[in-house]
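Just passing along the structure, written as structure tokens.
Chain lettering (A, B, C and D) follows the sequence in which the chains are written, and residue indices restart at 1 in each chain.
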């Protein structure tokens, strides 16, 4: 089991009389992810906010702030119990048998235009044996063919752009993997989470975007960017692509500072383990 | 109240050993739309199928057919009780107060790239008084600036394409209106329905794509293509755009004939009225 | 040496009071391509036309026709003397030494967005030994990865579209090969010509689009669509892509019938040979 | 007559063993633009370079530099004699009568996809009286509908992008105006020049991109960005769009510093005048 200490500081200056913020930075409540303790502070006395949980356990906060500086501080202790399985034992689910919720993730979305990639994806992956290994092959292909470069993409960059230009950040790797999976009829979705930054070579902890593919009746995690340790990734929001699952969406004139994030993994010898790379299929979601 | 007799005949030839069909041609069950009688016939004895209803009342049928000819016949009697209101009394809902379900329809989707249209849409509609009339202005603008031409677009045509090329079919009009609405923070969604073809000038009854905009706590209907009588439109499926709400999605090698559709409105003087054009705001959905 | 009998019949109906036609169907005058006899008939007595030759020998005809039917008939006898060389002996020209005319063909154009393909093209072809064989590798790659399908593309389809969707006609194969070549700094251009339809499996004679790459101080011909016998291709117009080199560009309201084309190769045992497939590098242009 | 003192300093660090530079920073030799004195210094003793002039008087410099720092300094005195005419007297040239050279500029190019804009452009400008005033209307429309914002676009941004997103720099304003002109059959081309920065509100002298439209047998200058005084613009390179007419194209690993540019207008009361805004049609090119 993984136990993470998550700490976040967001700093803004509201330039208009007021501004609305929609935040998805609360760790989701799921059967596999338990939020033990959490603490939220908002610096503006006059700000109003509320927290709302949807059927999947995702928690969305909306906050209305007034002109001037705004700080939002959040800390939580989160425990993640991964389901893991032997990749060789994880089958694909035939389209005809997909549950309705998973079926939606087979269709194209804003940044994952799978409808245009059928021939491309079938040529690459159509002949491979079905199962977890095929999703893994898509993940590896994306990682091998796209170069990670900070600030190489923008908010409108899509999977097609990344496929053509072969460069991006974690969001772009995720979009391309999702688009390719859907093009071969594998339901795939976008997760906004945090990256446990244990490995200095991979950089400090940060928000992260990764992929889940529906296989064997569960959603299995993949990190096509190869910049994180999947076992240390914590779920914030889930959606079809980044259009659904931004950690912050802002309406109004607002100046933002880079978020400050800390993620520490606890270790006590028996109960809490440090996240490590594994060849097992890892999952934290059934729906 | 409107009472429609709906009749549909679909004819395919399955060329592969089997094929999977996902159909959304059943009229949705909603508080405003009641399906009185319905009858479904599938020509293949060996075909298996099931019908599933989601939380919104949309009914999805999945069918697995074998090689060879396949006919699907469906008839239903459907009653629609429209909610109508004075446009001057229908306000916009501030983003901060949008229910979570409506909030999703403010984000960009596959064919409605509202994230790229903010400047364009604000220049056209940002200065207009808020309310139903603003959504109507978007609808009128789309109708006036896009030319209807059969077969002028394809399955990958998006709102941006239509904005640039100024030509399309009902699906394209809907996508452009939705994208423009979202760009000015109006939740908007795509409805696949049928078009009551009473007016010979507008063509025979057919599948139709139209738009719903979230205003005053309800979803109001708009027909940016101007080719239908909104009061006669019947809801089949609802989604972010055509990626979500096709009447048929097919996996396998299949040859299709054009669907044969009939929609007849009953009229009995007092209870059942013929659909007519109206200046009122019309709605058949709260969620 | 190749000797072709070329015959063309174009039939239009002008629907507006008048219409302007720009035709590039005259075989170009070049040192390697000699037009022996030619005959042109225009059916409208009132039509005016003129023929103009540019520095490269390309001949453009402009014609102004009046309302009503218009037929244009053209016949020519054309001799083509190919320069051929051993592929192993044909080097690339370093960018620094490219003549100014060739340099233009290294830049992106409307349908060949090589500026976006640098990473993609270098990953595929950057490590290959320089020379004719590298251009051949691009040609083969395009032929292997794109499927030929009639009517699968439109006048706005670009190399990026073809790269993503993997389907097209000869124009699309040419655009993709050109874009990939330019992305690795090989000057490449678009030729509109005719296809000697000797092989019934490849279809009847037709207009054709093919590619020339600047290597070893000459332009070498490539047919990435693989649908023609390059030795039998006759040059009409040359440009950066299809935007430059349409066989007909029309201004006005005009209804067109499919052009009727005949290309016959003469054979007399010694002087005139039938076009055949060859492994040699073939060229008919120095500039 | 305008007399400009032009001074340019370019500073690079070549990171690879060598790098090739193609520069178009020499003022073009044209009948209306005379280069009186010029001086070029290249800091690397081992660098080789040459200067080549094409038929239009454009001068391209190619330079091969070695690893390490590279500075290129250039100064010139340039006299520009503008042809000016009353806009009301400047007609459009019917397509049928366009000279072959101008005809090329009616076709779409990499960043000016006029082939997709016919309906859009005809709706806006199709009904206007033909002549200089119509090109002026396109220029004004672009200026009014696009917002100038530094760093808002990239090297792959096209006219379609700018039309949709309504923001850009001078290059983007030029591309959109060119695309719109071509869509209504007005030949239009891209000029890379310098901006006489007399007006502090418009910023210091800089490289600039502007437009020429073929009217009345000449190329007339337009500045759709509205950031320069057209009379003070000096021609460096001319092409279909930015793909053709970059001031520098670099092959190799090179780090660049921002160019340092000075443009001073001489004034001596009678012969040399300061550039001023004018309502006349201004031209410096017949071909």
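Basically, a contact is a pair of C-beta atoms (placed from the backbone, for glycine too) under 8 Å apart; a residue touches a chain by one contact, two chains touch by 3 or more.
Fair warning: this is a prediction, and the values are worked out from it, not measured in the lab.
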Requested in this report: Please identify each chain that touches subunit B as well as subunit C.
Outcome: A, D
Query raised in the report: Whole-Å distance, subunit B centre to subunit D centre, using C-alpha means?
Result: 48
Requested in this report: Indicate the whole-number Å distance between the mean C-alpha point of subunit C and the mean C-alpha point of subunit D.
Outcome: 31
Report summary line: Touching at least 2 other chains, the residues of subunit A are 116
Query raised in the report: Which chains touch, pair by pair?
Result: A-B, A-C, B-D, C-D
Query raised in the report: For subunit C, which residues are in contact with subunit D within the complex?
Result: 20, 22, 52, 54, 60, 62, 64, 94-96, 100, 103-104, 107-110, 112-113, 115-116, 155-156, 185, 243-244, 251
Requested in this report: Spell out the part of subunit B that touches subunit D in their complex, as residue ranges.
Outcome: 116-117, 119-120, 123, 145, 147, 160, 163-167
